Structures are given as structure tokens and as C-alpha cells.
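Across the two complexes that follow, subunit A remains constant while its partner is subunit B and subsequently subunit C.
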Partner chain A sequence: MTARLDRPGLLFALIGLVGLVLPLVQFKANRIVPGDGVSMALPLAGLLALILLGGCLRWSHGLRLAAALAGLGTVIAALGGTARALMADGPALARVAPAAGFWLLLLAFALMLTDAVTRLRPALHWRWLMLAGAIALVAMVLSTGWLDQVSVMREYAARRDAFLREGVAHLYLAFGSLGLALMIGLPLGVAIHQAPSARGPVLSVLNILQTIPSLALFGIMIPIFGWIAANVPGAAQAGIAGIGVFPALVALFLYSLLPVVSNTLTGLSGVSPATQEAAIGLGLTRFQRLTWVLVPLALPVLLAAIRIVLVQNIGLAVIAGLIGGGGFGTFVFQGLNQTAMDLVLLGALPTIGLALVAGIALDLLVQTLNHTTPRPA
Partner chain B sequence: MTAAGLFLIAFLASPDSFAWLFSPMTRNGAPAIYTQTPLWSLTLSHLALVAMAVTASTLVALVLAILVTRPSGREFLPLARTITSVGQTFPPVAVLALAVPVMGFGAGPTLVALFLYGLLPVFENTLAGLTNQPARIREAARGMGLTPAQRLWQVDLPLALPVILTGMRLTAVISLGTGTIGSTVAARTLGEVIIAGLLSSNTAFVLQGGMVVGIIAVMIHEGFQALARLAARRTG
Partner chain C sequence: MIQISHLTKLYDGKPVVDDVSLTVERGQIAALVGTSGSGKTTLLRMINRLVTPSSGQVLIDGQDTAAIAPHLLRRRIGYAIQGHGLFPHRTVGQNIATVPRLLRWSADDIRARVDELLTLFQLDPDAFRDRMPHELSGGQQQRIGVARALAAKPDLLLMDEPFGALDPVIRAKAQADLRQIQRQLGTTLVLVTHDMAEAILLGDRIAVMDRGKLVQYAPPADILRAPATPFVEALIGPDMRPFHLLSLTPAFQIATEGHAIGAPIPREATLRDALAECLWSGRDALPVEGGGVVTLAALRQRAAP
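Entry: the complex of A and B
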């Protein structure tokens, strides 16, 4: 009989059932003291247990997907509901923070969802729709205000303007450094493709840059740009400064160079000699060959570099918070200093969300391009 | 390479004799060399933390990768692949910060974050090494009458070793850099020197902390590459 059970489903059920036993939320007297665990209302817990156990049966993938969504919805609803009930007669300073039970249940149903989607193997346009749907769903849940009494959302409500500002700064850091890296890295990659003797030195310098720990690279940028701003005429007027966003932007840019340059080189080198000769035979000039033939064919490899850089920079931009460069890292490090974990979550969760969306979207883009670009045999 | 290693050992043995190198970067007579904690002891605890995390994540990742490639674990393979690619988009700093509420301050959260983050490269590479083998090798192993266990130990794993070592290299180098951030949650790492430099605007501290980590990272990178070459040569 056990052979009829779905074993990944059993794993998710195990994780989820442990989550059901552990407290769903922590009820704390204020934002920094540890609190008491509070469990989920029994009927909801029963419903979740049923979904989890049902997931062990050999359901169709579509049904599994629906079950996972229902599970996620129930967990989120339970979190918001419990927080509302506790805060309704609690003191104003009290906080209801998601606890181990909530995170494990979230993990169990997220795994179930991932497993269902993976096994469904949806067509490309369905996966795009799913990504858009997931983003819309999260936005909708947050905008209904059902979760407003949860600690993270209370921290958000207290610093709505700052959140928006740091969010923009975070995106500026991640996308700005990517833009700079493309502006400098693409020509550099093309140049070392044309001049093979320069490949070794350029790539080894970029490799060494990668070994400098991010914390130190961010730190080193501050005095360098401080000095430039003070001593180079016109630099300060151009917005160069040793404090603020500029050193962080340049540090991220330096980390981004290696993936962009090396993937440009790989992409250009990967174009088959036959294609190149055909282009020469057509009488294309060197520049036309580069822009009409080589770059379009190298595009998927370039996009792979953009994915690496963007995901990496969204994560590394957190460190900018430590040197006053702004971004969601500001909340993470403020929270760590005050041992206010809800504040840490306010910085960490959007960062993880951004990185996930960027990673998945670019993966899909790479696959879409691979479908439409005919590969030379 | 050897020169960089010798320089590092000399610097850690007697940082004060290199004060002239760093003093131009200090201002207002600030000390040029970090003396709060001896640099060699920070280096050792940093390396110990990274070594523990890398060893643990390598062992767990190897076991998991072997499990999902056995016939009995095949059901988990697609899920495992998705989790690996999704997991790698998680920012290491965020993982570190999220581990604090569970583990408290100190070396614990850093160890957990490095361990979790280090799982993915080794797992992904082991999986690639175990599944991308040419069909003729599989056939040859079957033809020789090897049992599945013998095939795993005598054929698959040795052939996958160079790729596994590449995964370990990625893990080790990432952990070394990310470990410095552990000092923001009170782990004893070389990040302590860098953070002290950031707080007191002393570039000399930032630079010497970064330099030591950088040189070690290059040495680990080269070391694992040499090991991978050795493993590749042995299997031919």
C-alpha cells in the first residue's frame, strides 16, 4: 500500500505536521523581548492537516497545485486572523511575530507548490502567467490589510516613507550597477574577443576583484571617492562623494564586471566558424558582423550573465546598508543593532522577494529567447 | 602564488613590521594595525568557521545528491533541481540575518547561513557529475557486472570528483567572503577588523582585513583548482 503513496508528498506532510505542532506566532509584550508561543485555531489546523495528508495520495498534478494554493492561503489567513485576535485586546506596544510553526507550514506548502509546478511542466507562456499571478496575489493579500496586525507589517506602517525610499535606493543600486557593468563590460568583452592577447590580464584582474570580500570592497570605496571628490575639480559637482550611494554603486559595479565580460567572451566565441564565414561571404564589414550576427547569437549567454549579476547585486546591495548607502540593508542592520527581528524581516523579506522574482523572470526570458532564436547547427 | 602566501604568513606573524605599509591610509594618528584581537587568531577562527561550514555542507549535499540519483529517490530529482536553482537566488546576507532570531548572536547564525548557502553549489555540481555521464561508461560498468554500490564508489563518484571539487571551491570562496559579514552578528571573523575600520573611518583596517581574506580566497581557489586537475588526471 505504501508504494501507492507519493513520497515527496510524505516529506511535505512531515514538515507541515511538525509546523502544526509548533506555535504559529509569538506574542510579545514589545518589539524586542521574547514572547509566548500561540497556536493556530483548531479547525484551521485540522483543515491544514487534511490538505497535507491528502498531498501524500497520488493526486493529479493540477489537484496538487490547487491543494498547495489552498494550504498557503489558509496559513496566511490564519496568521492574519491570529494576529488580529491577539492584538484586539492586547496592549498597543505588543507585537505578534510569525514563529517557527508559520515558517515551517509556509515551507511545506511552498515546496508542495514548487513540486506541483515542476511536475506539471507548464508551457512557457503559462509560467510567465504564473509568475505574474503570484506577484499580483502577494500584492492583493498585502493591500487587503488582513496582515496589518502582524509585526512586520506594523514595522512597515511605522516607516512607510522610509521603506519606499530604501526600496527605490535598493533598485537603483541593483539596476544602476548592472547598467554600468553592461556599459563598460560589453565593449570590454568585445574588445578582448578581438584581441586575444589581452584576455589573460583582463580576466585575471577581474577575478582578483571578485575575491575581495564585499564588506571590504564597500569600505575601500569610501575613502577613494572621498579623496576624488575633494581633490578632482568638478568631481563633487558631478555627484561623486565618499558617502551615500555612490561608493556602494561602484563596488557593486566592480563585482558585476567579471560575469558580464566573461560571458560576452564565451557568447562571442561560441558562434560557429561556419556562421562567421557565411557573414564574411555576404560581404559584411567587421562592425556589421559584430552587431548583426555575433551579438544577437550571443544574446542568450549575455542574458545568463545579466541574471547572475542582477540576482547577486540585489543580495549584495544589502551590505550598502552598513556603509550608509541605503537600500533594504538599512533595515536589516538597524534591526540587528536593536535586536528587533521584525525590522530585520522588513529588510530581508523584500530583498529575498526581489531576488526570487528577478531570478525567475530572467530564467524565463532566457528560455523564451532560446525558443525563438534559431540555433546554428 | 607562493610569494602571496609567504607575505600573508609574515604579515600575520608580525603585523607591526608592516605598519609602514598601512600608515599612509590612517588619519589623525590613528593606529595603522588592528590590535584589539591578534590578527592571526581572527584569521584562525574565520578559517575554522568556514572549514566547518564547508565540510558540513559538502557531506550533506553529497549524501542528498547520491540519494536523489538512486532509483528509490528519483521521485525527488525534479524537485531537488528546482529547489537548488531557486535557493541560489536567496541573498546570503538575508539568510544570515534570518538565522539570528533562531540562533541568537555569535558564531551560530553565521555557521548556519554559510552551511545552508554552501549546500547548493556542491549539490548542483554533484548532481551534474552523477547524471551527465556518457552512456557508454554506464554500459561498460554494467557489462563488468558491478553492483549499483560498486558502480557508485568505483565509477560514478571518482568520475564526478573534479566537478564536485569545483562545487566545493565555489562554496569555500563564497563562504570566506560572506563570513566577514558574520562579524555584524558578533561572530569572531576577519570582518571584525573591516567593521572596526568602517566605524572609525580607518581605511588601513578595512584594507588589511580585506587583504587577508582576499589572499586566502585566491589561495583556496588555486588549491581547489589544483586538486580538481589532479582528480581529472587520475581518472583520465
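Entry: the complex of A and C
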């Protein structure tokens, strides 16, 4: 019997069915108090159950993809619809927050979707298109206003300008620290590749930096940079401060150094000795060997480092909110202080979205590069 | 012409190459033979300054190589190594074009040269120019490695165990091709090998290295007939001496008037091939294509010092 059923499909169905039993949303009198669970309208729940159970059958990959999309669309529609219905005759201060049922259903159909895409094994350009399509779809759903009565979107409506500002700040922190890490880390990686005796000390220091908890690192930097700003002439004018963007950027930069430096070293070391010997023997200068041979051959490993660092920094940048560095973390910590989970979500959801998009885009970029410059198996 | 005089390389005060002097005439092949650790590769790598000599001189056509910037010197000297060392991210054509590009040849000249070399190495330019190295067989990769070394028409080619990674059948073909191409281009060639048979087959002169010292530098026949030291004798393998000697001479050179029965052997077949054929077919004499016969008695005479 089980042989005729699809095992991943069974798992997704299980998750989804639990989600159907649990309440879809929480209806709260205001944004702080706990609320009552409200379930999905029965016809919609029936439709979702059918899709979930159907996913257990040996469907074609294309049908599976369509079913997952239909499921996702239905869950989102149900969330917006329920919120609208509840808020239509509710008090202005009331909130409709997504609850466990919604999150589990979202998880179930998102898993079903990625599973279907994986099985379809689409060509590279199709995967680029899918990524772009997914972003466009999310933007479209949000712009229709169907979800405007959901609590997170209510929080957004109240902070439209701040959201944009913190979003830019978040990207600035993540990409800025990545840029700094590449500017310093790439040459450092090349340098310790050329001078093997320096590898041990440099990597040890970076390893130690990496193990410092992020909160502790901020704690250490506040007095250090505060002192510098107060006592070194011109430091404060240059933007150095104990709290704010500067220490946040420095911390993210420090965390990025190890992946960048060690991957640069790994990539360069992975170039075969025969290839390097030939490059020297043919009369390439040291610089030409680096630019013609070593860096192009190390590029996939370098891009992997950029992927690690970017995804890591998009996540870590949330902590910057704690020391006034801005970014989506600002909402997370405001929300925690006010015990307003909707506000926490307003910071957390876009952070997750950014990290996902950055990770997928860079994965695709690595594969595109490997496609155009094949390497020996 | 290369003149190596009193060349020494010390590592931690210990000589790896110890006061070696030898001369390779223009258009000749010198084979450096020795066990591993004999200093043969270090000697080769001092010629294009991949290793800097501790003392002594290398003159190429009378010019002291120490006076030339190493990377400029290397662009004038072809260099091919075991395992070919092709750039895996560049096409066959781009690999071959490496040194001409460094020397800033025009794009047309480079394209013409790449096609010329591919043709010389019996690879169809249209089929191979845009392939990646990993798409080629081991023998093809090795040929591209040598073609790349020859791309800028160097007068001197250095090869470090160029056939070490090839299986015996492909190796024999590669050796024969190299010999033919070297004769055709008139390139001076210095080749490192640990295989005495390869040295005898390819070398106009063989330099035997032992623990950093050059113990004998002579044509193959002299090395075989009069090994200078027990080490040289051991390297040849006493049981192989007559066969190596026979392999130096083509059959037509000792063909005499006469009559023999059975299938003839090719003109260019070596005396070693002839002996094998005599023993295998139970004949005392073999006809040679194009006239004449080779007798077992003549072979026996040639196989002794």
C-alpha cells in the first residue's frame, strides 16, 4: 500500500492536516492581549484537505507544482478573507494575527512546492524565472490590499516610512559589511595563500572572532568605540561611535572575515599543483597567475563564501537593532519590549524573505558560473 | 645550444645538483636519466629558472640566462610536464595560445598557430579548438600540453616526465610522434625521465645523474657498451643491454644481399624487432621490405659490445 503512496507527500499532508485542525488566526481585542482561535471556513478547509491528500498519490511533478501553488494561494486567501470578515464588525483596536494553523499550512504547501520544483529539475534559466516570478507574486499579493486587515500588515500600515528606512538600513548593513569583508578578506586570503607561514596565526584569530557571541561582541565594542570617539580627534566626526551603525557594521564585518578568508584560501589551494607549475613554467608573472589561473579557478568557492556571508549577515543584522544600528531588528526589539508579536513579525518576516532570496539567487549564480566554466569532475 | 657549466644547487647546505657541466647541441635531444632524488628534475628546472642555481651558469645560444628576467626567459623556453598541467577553465585553443598571448601576438597569428599545432599533433582543429581539457583523453591532453609548450616556436623545449601518466600503448605512440615532430621543427629538447628505455629511444645523448652528480653523458650506444659506473650499469639492467643495443639501429642499415623466406619486416623496424621475429617464427634470416635480408648471425654480432 505504502509503495503506491508518495512518502514526502504523506509527510506534507500530515503537517497540513494538523494545521487544518489548529486555529487559522487569533482574534485579539488589541495587539498585546492573547486572543481566541478562529478556524478556517469549512469549504476552504475541505478544499485544502483534498489537495493535501491528493499530494500523497503518485501525481506528476507538474500537477504537484500546480497543487502546491493552489494550496498556497488558498491559505493566503483564507487568511485575508478571515481577517476582513472579523475586522468588518470588530473594534478598531482589535487584531487578527496568523496563528499556528496558518503557519503549519504555509509550511506544508511551501515544502510541497520546493519538493515539486526539485523533482521537476528545471533548467537554470527556468529557476531564475521562478525566483523572479515568486518575488513578483508576493509583491502583487501585498499590493492588492487583500491582506491589509492582517495584524502584521496593520503594523506595517502604521510604520510605512520607518519600514522603508529600516529596510534600506538592513540592506546597507548586510551588503556594506559583505563589501568590507571582501575588500579586506580577499587580499588577506590571497596573502596567506602566498605566505603559508602566516596561515595558522591569521586563521586562529579569525576563528576566535567567529566564536564570540554576537551580543557579547556588541557589548565589548560599546566601551572601545565610545572611548575612541571621545578621545581620538576627528573619530566622532568620521562616524565612529559606541552605538549605532558603526559598531554594527564592524561586528558584521568581523563575522564575515573568516568565511571569506578561509574560502579564498581553500579555493586557491584547490588549484592543482600541475596547473600552477605549468603557469609558472610558461612564463606567467605572479600577478598573471593570480588573475588568469588562480582566481578564475577559485571563483566558485569564493562565490560560496559570498553566499554564506550574505545570508549570515542578513540574519545577524537583526541584532544591530539592539544597539541602534537600524535595520529590521529595530521592529523585532520594539516588538519584544512591547510584547507585540505582530511587530516582531514585521521585522522577522522580511528578514527571512531577504535571506531566502539572497541564498537562492547566489546558489543560482554559482551554478550559472559552473555551467559556463566547466571544471574537471 | 645550451651550455651548462658547473651548475650546483644546495638545499640546506646539501648539494642536490653538484657541479654539473654539459652541452646540448642545437636540434639535439638530451635525456636526463636517474633514480628519484638524483637531481635530474632540479637540473632541468634550473634551465628555465624555476629553481635558482646556487652557483654555476646556464648559457642559451651564448646568452647567460641569469641576465634575463625569469618570466621573460620562460616565455622563450617551451615547458611540458607530467600530468600536462592544462588550465581546466580554458579551452584547448586558449591553452595552446597562452604564451603567444603573453608575447602579444596578433589574434590572427594566434588563431593560425593554434590550428597549425593541432594539425601537427593529428587533432582536427575544428573539432578540438573549443573543447575543454576534461573532455579529452589522457593521450590527447598530453599532446595539447606539448603543443602549448611549442606554441611560441621556442628554440628550446624542456620536458619533465612528459609521458609518465600515459599507458604503455599510448606512450609508445606519443614517443614516436615527439621524435618525429622534434626532427621536423629542429627544436633542441631536454627531457627528464626515470625510464632508461625511453632515454635510449629518444635521446641523442643521455645524461645519467646519480646523487646530484653527472656520472656519464654520452650517446646511447656508448652508454650501453661502456657504462661508466656500476650505477649506470644497474640503471640499464644488465639483462636488457643486448636488446637496448639492437633497438638503436633500423633493420635496413645492416641488410645484406641474400635470400630469405617468409613475410618481410618493415625498413624502419629495429634490429630488436627483427630478433624477436627471428625467434618467434624460427627463421635464421628475414627479408627486409625494399630489398636485402637480415640474418640472425648479423643480429648476434650487433648485440654484443
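As a working rule, the second predicted complex is superposed on the first by the 373 of 377 C-alpha atoms of A that agree within 3 Å, B and C clash if a C-alpha of one lies under 4 Å from a C-alpha of the other, contacts with A are read in each partner's own complex, and residues count from 1 in each chain.
Everything below uses one rule, namely that a contact is a pair of C-beta atoms (placed from the backbone, for glycine too) under 8 Å apart; a residue touches a chain by one contact, two chains touch by 3 or more.
Everything numeric here is computed off the predicted structure, so don't read it as measured data.
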Determine, under the contact definition given at the top, whether A:Ser204 touches first (subunit B), second (subunit C), both, or neither. neither
A:Ser60 contacts which: subunit B (first), subunit C (second), both, neither? neither
Partner chain(s) touched by A:Leu215 [first = subunit B, second = subunit C, both, neither]: first
Applying the touch criterion given at the start, work out whether A:Gly315 contacts subunit B, subunit C, both or neither, answering first, second, both or neither. first
Is A:Gln194 contacted by the first partner subunit B, the second partner subunit C, both or neither? neither
Please indicate which partner A:Asn370 is in contact with in the superposed arrangement: first for subunit B, second for subunit C, both, or neither. neither
Once the structures are superposed on A, label A:Thr291 by its partner contacts, choosing first (subunit B), second (subunit C), both or neither. neither
More residues of subunit A are touched by which chain, subunit B or subunit C? B
Using the superposition on chain A described above, determine whether A:Ala279 touches subunit B (first), subunit C (second), both, or neither. second
What residues on subunit B touch subunit A, complex-wise? 25, 75-76, 78-79, 81-83, 85-86, 88-94, 97-98, 100-102, 173, 176-177, 180-181, 184-185, 190-191, 194-195, 197-198, 201, 203, 206-207, 209-211, 213-214, 217-218, 221
Within their complex, state which residues of subunit A touch subunit C. 272, 274-285, 288, 292-293, 296-297, 373-377
Which residues of subunit A touch subunit B in their complex? 6-8, 11, 100, 111, 114-115, 117-119, 208, 211-217, 219-220, 222-223, 311, 314-316, 318-319, 322-323, 329, 332-333, 335-336, 341, 344-345, 347-348, 351-352, 355-356, 358-360, 363
Residue numbers on subunit C that touch subunit A, as the complex places them: 48, 50, 71-76, 79, 81-89, 98-99, 102, 132-134, 145, 148-149, 158
